[in-house]
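Got a structure for you, written out below as structure tokens; questions coming shortly.
The first chain written gets the first letter, and so on, giving A, B, C and D; residue counts start at 1 in each chain.
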């Protein structure tokens, strides 16, 4: 019998402004082991080329709302990594 | 030799809004014994017909600036008696 | 007559008068004629002023605000007959520092209400006409 | 797009949208593009947003203000390329109570700066272009 597949989930990652420039993309479908939190997603992003320019704990949003690093992520979530906000 | 005249001074009194209605005039040349304060002026105004509708210590201005009741008045001053302010 | 006017007040030229390339924030306030006063329906009101002193007092208030905060202020108060919804008073404060713009704008409006010799006579829906006395009761906005 | 717009922002329609016969006070704030940032001359700047979240966050901020004070709020933030003096953000708060109008307007502007996902890239007179990071230094207005 084959070993059961490691459970995983896929999220949509959005980068903006200086972070998009650092990693060279604005959107990415990212698959991470399940269960996962926003920290898991950030760790994987930081392993990509240019990812060392992301802070260890960037501001994140999950499905259009601010969310803490320890928040769990689910299949299909839209995860945004937000550079320091400068509106107003 | 005639007795020296009692010293006096004349001021211009302005009334506004409900006070002008109560006393039936808006401006008056008023002569008061000298020295005098704003209180002296108010006392004389309160002795006029309708003058009992003025408060004992109304808001006053002297020469375009708020002034306390004990402030001295001088010949030619413009003294305004101000009903409760309602601007804004 | 710089501060007190019988003409309708428009906020836009006041903001234009205070804004400048180095001032990033403009706080402003409009006081409008309301349709009620202490539960009674208001149809319109007449504002009257002790004109020369109102000008002088507005000038002192603006100078105080501009001395206390790093702001430039514009201020207008209307007199004459106003209808519900008309602008009775407008103030704008521009600054490089938005907290100061807010603080100065608030100060100007509070001091105008407290110190500027202006009176209003309200015409109520029931036909009565009354000189408003804000010291006689709680008064808002 | 209710809150975030690429069109120039005019305060008058925002004030018109919130004023009502029972609301006697309208506090408002305009944030304008300044000609300097930390001592450097600014020529223009580009605002960009995470659009759907910016809309959602603005809606949450307005709902919070309207729940906390007796106010009606209008709010707009511009995106795209802005010149010095252009309006970047505008908020208006109408109330029967002027203290609440001021407090709510101030809250909305502070929370927009703190929470809404918008970024700006400043083009300086010396030819450099920088993503602005308000957390990196003191920031005003």
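Structure notes:
The rule is simple: a residue touches a chain if its C-beta (ideal position, glycine included) is under 8 Å from a C-beta of that chain, and two chains touch if they have at least 3 such contacts.
Note that the structure is a prediction, hence the values are computed from the model and not measured.
By the document's definition of touch, subunit A and subunit D have no common neighbour. Relative to the C-alpha centre of subunit C, the farthest chain centre belongs to A.
Note: centroid distance subunit B to subunit D, computed from Cα atoms, is 51 Å. For this pair, subunit B with subunit C, the centres built from the Cα atoms lie 28 Å apart. Per-chain CA centroids place subunit C at a distance of 24 Å from subunit D. Each of residues 31, 109 in subunit D touches at least two other chains.
Shared interface positions of subunit A, defined as residues touching 2 or more other chains, are absent.
Annotation, chain-chain contacts: A-D, B-C, C-D (touch as defined at the top).
Subunit C meets subunit B in the complex at residues 31, 47-50, 52-54, 56-57, 77, 88-89, 109, 112-121, 131-136.
Chain contact summary for the complex, subunit A toward subunit D: residues 14, 16-18, 21, 61, 64-66, 80, 82-88. Subunit C meets subunit D in the complex at residues 11-12, 15, 19, 21-36, 84-85, 95-98, 101-102, 105-106, 109, 140-141.
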